[in-house]
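Here come two complexes built around chain A, the first alongside chain B, the second alongside chain C.
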Partner chain A sequence: MNIYKFELSNLKKSILIWGLSIPGFLLFYMAFFPAMAASNGAFNDIMSNMDDRFLRAFGIIPELPIGEILGYFNLTMGMVLLPLAIQASNYGFSILSVEERELTADFLLSKPISRTKIIVSKFLAALTSLLIIDILLAASTIIAINAFKGDEVVELRNVIILLLSVPLFQLTFMSIGMVISVSIKKVSSVLNFSMGLGFGMFIISSLGGVISSGYLFYLTPFKHFDTAYVLINGSWNWSLLAISVSVMVLSLVASYFLYLKRNIASL
Partner chain B sequence: MNIIAREFKANLKSFIIWIISLSLLFYVASFEFEMFQNDPRILEAFETFDYIFNALGGIPDLTTAAGYLSLVSLYLYIPLAIYSALLGSRIISKEEQNKTAEYLFTLPVSRNKVIVSKFTVALTYTIVINIISMLVCLYSFGRFSNTLDTFSIYIVNLGIAILLTQIIFLSIGMFLSSVLKQYKRSGGITIGILIGTFMISMLVGLAEKADALKYITPFQYFSASEMLTGNFEFIYILITTVIIVLSFTGLFIFYKKRDLYI
Partner chain C sequence: MNVIEFNNLTKYYGKIKGCKNINFNVKEGEIFGFIGPNGAGKSTTIRSMLSLIYPTSGSVTIFGKDAIKYGPEVRKDIGYLPSEIFYYDKMKVIDLLNYSASFYDKDCSQRIKELSEIMELDLHRRIEDLSYGNKKKVGIVQGLLHSPKLLILDEPTSGLDPLMQQKFFNLILEENKKGATVLFSSHILSEVQQLCNRVAIIKDGEILSIQDIKSMKNDNYKRFTFRGKSLANGKFDIEGVTELKEREDKVTFLFKGDVNKIVKILSGLKLTDITIEEPTLEEIFMHYYE
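Moving on to the complex of A and B:
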C-alpha cells in the first residue's frame, strides 16, 4: 500500500497536466463544431454524391459526415487518442525503469517486500492515473456533445460504448511499454520510446487510411479501437480488438516474469 | 573537437533507428501511390470533381508524385520535428540525467565551448536526417513519376520547409533544457508544445474559424501544399527567424549561468 501511495503521489503532477490538457483539448476542438456545421451544408450534399472508396481515401466516412456532431466527434476522438496513447506509453516505459535510471533501485529493492508486490503496486498506481484521465475525458465528452449539438438529436449510447473502450486502449499501450522496458537493458530516455510507440502507431494508422490494402490495420491499436466503427455499429470490432487484448495480456504476463528475474543495475 | 566527436557517437544510435524506420515507412507508402496513379476510377473522379478540390483550396492532385507526397507529408513533418525536438532537449539535459555533468564541466573547457559543440552536432544531425529522408522520398516516389524535374524541385522546397520546422523545434528543445530548473521537464514540455501545435494545425485544416490559430503552429508555416508552388510567405519566415534567434540566444545566455543538478 505504501508503494502504491508513493507512486500515485509521484504521478500527481502528471495526472493534473494530462487531466487538464486532454479534456481541455477535446472541449476546444468541439467548440468549433457549430461554426463548421453552419458553413458545410452544401459541401455535405456534394460529398453524398461521391464514390465511397474515393471519400475514404481522404478519411471521410459517408455514415459520419463532419457536418453532424457525431462525425465531428469521431474526428476529434481520432486526434485525442494520440495524447492518450502517448500518456499510457509514457507510464508503461517509465514505471518499471525509473528506479534504475534515477539510481533508487538499491533503496527500493533492499526493502523487505517482494518484487511481485513492487510491480503490482506500480501497475495499479499507473492504472489508477489512467482511469482518472479517462473519467475526466468521458465527462468532458458528454458535456461537449450536449453543449455544441445545437438542435440535433444525438443517441449517446454509441458514444458511451466508445468511451468505455478508452481505458482498454490505454492499457494496451501501457503494457507494451512495460514489456519493452523490462526486456531491454536500459531505457535511457522514456520520451524517445513513448513517442516512438505512440506516434509511430498513430502514423501507421493514419497512413493506413490512405493505404487501402489494409494489412497495416492489424499492427496498430489505433485501428483495433477504430472510433468510426464503434460510432456506426454501436459495438466494438471484436476480431480486431482481440489482437490488442491478447497483446496486452501477453505483455503483462511477460513483464511480470521478466521483472521478477531482471538483473537490476545498482549504483 | 573531442566533445563534437563524442556527441556524434553518443547520438548515432538513435539517428540510425529513426532514419531506418522513416525510410521504410515512406518506401511502403510509395507502393500505394503506384496503385493510386494507375487506378482509372480515381483519375475519373478527379476529373469530375476538379472544381470541388479547387474550392477546398488545397487537396492536391493525387496522381502526381508531388501531389501524393504532399498529402502524406504530414508524416514527414511530424517524425522529423519530433526527432529534432527530442535531440535538442536531450543533448543538453543528458549530462545532468546521467550524472556526467560534474565530469564534463571540470574539464578545462568553457561552458560556451561545450554548448557550441553540442549545438553543432544537433544541427548537423538535423540537416543530415532531413537530406536523407528527402532523398529516400525522391527515390521511392520518383521511380513511378514521369515528371521527375518538377518533382525534384518540389522535393527541394519540401526539404527546406521541413528543415525550418525541425530547426524551430530543435531550438525550442535546446532553449528549454537550458532554462528550466529541472532537467527532467524540458523533454516533456517540448513534446507537449509539439503535440499541441500539431493538434491545432489539424484543427486549422478542419475549421475555417480557427484560421487565426495558424500563426502559433509551426506546422502551418510552410505547409506541404504551399510548397507545391514554392510559396514561402514572408511573415512566416519572419516568425521562424524570430523564434530560432531568440531560442538560440537564450540557450547561450542561460546555459552559462545554469545551476547544474549534480
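Moving on to the complex of A and C:
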C-alpha cells in the first residue's frame, strides 16, 4: 500500500496536467460545433467535393455527418485518442524503468518486499491515474454534448459505450509500453518512446484509412477501438478488439516475468 | 554461526565477468572487510546478495536462508548503503526516511531523529539541494533506521569529511556492539584496517585471499628505511626483500624473514638514520593488486 500511495503521489502533477488538457481540449473543440452547425449547408458542400478516402483518413464518414453533433464528436474523439494513447504509453514506459534510470532502484529493491508487490503497486497507481482522466473525459463529453447539441435529439447510449472503451484503449498502450521498457536495456527518454508509440500507431491508423487497407487495421489499437464503429453500431468491434486485448494480456504477463527476472543496472 | 555464506557465487553480464566462484563466510557479530580496486566485483557481489541482480550460478545464504528465494524476508534485517547514492530528488529528506521506514514493521521515528542528529543531517531540505556528502548521510540514516542485524556498506565513506567519517565509524562500531554483523566494502585500506576483524581481497571478480587483519599485520613484514652514503650497491637484493628502492643516500624495502641477515649487511655500512616500521596494509596488499 505504501508503494501505491507513493507512486500515486508522484503522479499527482501528471494527473493534473493530463486531466486538465485532455478534457479541456475536448470541450474547446466541441465548442465550435454550434457555429459549424449553423453553416451546415456550406460545409457539407465543401465536404462532398472532397475525396471520400481523404475524408476517411480524418475520420469523417458519410454515416456520421459532421453537421450532426455525434459526427462532430466522432471527429473530435478521433483526435483525443492520440493524447490518451501518449499518456498511457508514457506511464507504461516510465513506471518500471524510472527507478533504474534515476538510479533509485537500489533503494526500493533492497527493501523487504517482493518485486511482485512493486510491479502490482506501480501498475495499480498508473491505472488509477488513467481512470481519473477517463472519468474526467467522460464527464466533459456528456457536458459538451448536452451543452452544444442545440435542438438535436441525441441518444447517449452509444456515446457511453464508446467512453467505456477508453480505459481499455489506454491499458493497451500502457501494457505495450511496459513490456518494451522491461525488454530493452534502458529507456533513455520516456517521452521519445511514448510519443513514438502513440504517433506511430496513429499514423498507421490514418494511413490505413487513406489506402483502405484492412491489414493495417489489425496493427493499431486506434482501429481496434474505432470510434465511428461504436457510434454507428452501438457495440464494440469485438473481432478487432480481441487483438488489442490479447496483446495487452500477453504484454502484462510478459512484463511481469521479465521484471521479476531482470538484473537491475547500476552505475 | 555464519550470517553470510557464499557458495560459488558467479555472475556474468553476457560474456563480461562480474564475479566468479565467490566463496567466503561472514560470522555473526563480525565486521568483515571486502577490499578490492574499482571494478573488481565488489558491488556485483553485494548487489546479488540483495537480489538486485541474479547470479549466473552459485548462491548466497543470509541468516541461513537463500538470499533470492527468501529475498523479502531476509531483507527485513538488512541495512544497505549503496555505493552511489540516488534518491527521489524532489522529496524532502524526512519524507524519504519516512517512506523508507514504512517498509519495516516497526516505529523508526525515534531512531531517525537520533541518527540524523549524530550525522548532523538537516531533515527538512530537499534531496536535490544536498551535496554529495549530505546525500551519503541520508543513505547512512536510511540504512540504519530499522536497526538491522546485518549492515551491508558499499564504499560508505566516499564523500564524507574525516570528522563525519569518524562519527560514522563510531556509529558502525556501536551497532556492531549491539550485535549487528557488518560487511564493509572499500578500496581504502586504512579504514578497513581501522574497523574490520577479517578481510576478503577481491580482484578481477575473484577472491584472492581471506585474512585475519591482525595475523596479516603480524606476518613479519617490516618496512626498512636507511639513510647514509653510497648505499646503491645492490647489497640488499637478498631473499625476502621486496619493493627495493635504492638511491645513493636512501634505501627502502619491505622485508620478511630473519632480521639478522639485514643486521649483518648493515654492519658494513655508514648510516645516518634508520627507521623500521610496520608496513601499512596497503603495502601488503600491493602484492595482490599487482
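Methods note: the second predicted complex is superposed on the first by the 248 of 267 C-alpha atoms of A that agree within 3 Å, B and C clash if a C-alpha of one lies under 4 Å from a C-alpha of the other, contacts with A are read in each partner's own complex, and residues count from 1 in each chain.
The rule we apply is simple: a residue touches a chain if its C-beta (ideal position, glycine included) is under 8 Å from a C-beta of that chain, and two chains touch if they have at least 3 such contacts.
What you see is a predicted model, and the numbers here were worked out from it, not measured in a lab.
By the touch criterion stated above, A:Ala105 is placed in contact with chain C alone, chain B being left untouched. Of the two partner chains, neither chain B nor chain C is touched by A:Val249. Of the two partner chains, chain B is the only one that A:Met195 touches; chain C does not reach it.
When the two structures are aligned on the shared chain, A:Leu207 is found in touch with chain B, with no touch to chain C. In the superposition on chain A, A:Phe32 contacts chain B only, with no contact to chain C. Of the two partner chains placed around the shared chain by superposition, chain C is the only one that A:Ile264 touches, whereas chain B remains out of contact. Of the two partner chains placed by the overlay, only chain B lies in contact with A:Pro83; chain C stays clear of it. The partner that reaches more residues of chain A, of the two candidates chain B and chain C, is B.
Once both structures are placed on chain A, chain A residues 103 are touched by chain B and, in the other complex, by chain C. Of all residues in chain B, those touching chain A in their complex are 14, 21, 25, 28-29, 32, 35-36, 41-42, 45, 49, 52, 59, 62, 71-72, 74-75, 78-79, 82, 86, 90, 94, 97-99, 187-188, 191-192, 195-196, 199, 202-203, 206-210.
Remark: chain C residues 13, 43, 47, 50-54, 71-76, 78, 80, 82-84, 86-89, 99-100, 102-104, 142 touch chain A in the complex. Contact residues of chain A toward chain B in the complex are 17, 21, 25, 28-29, 32, 35-36, 39, 46, 50-51, 53-54, 57-58, 66, 75, 79, 82-83, 86, 101, 103, 188-189, 191-192, 195-196, 199-200, 203-204, 206-207, 210-213.
Within the complex, the chain A residues that touch chain C are 2, 6, 10, 102-107, 109-114, 117, 261, 263-264, 266-267.
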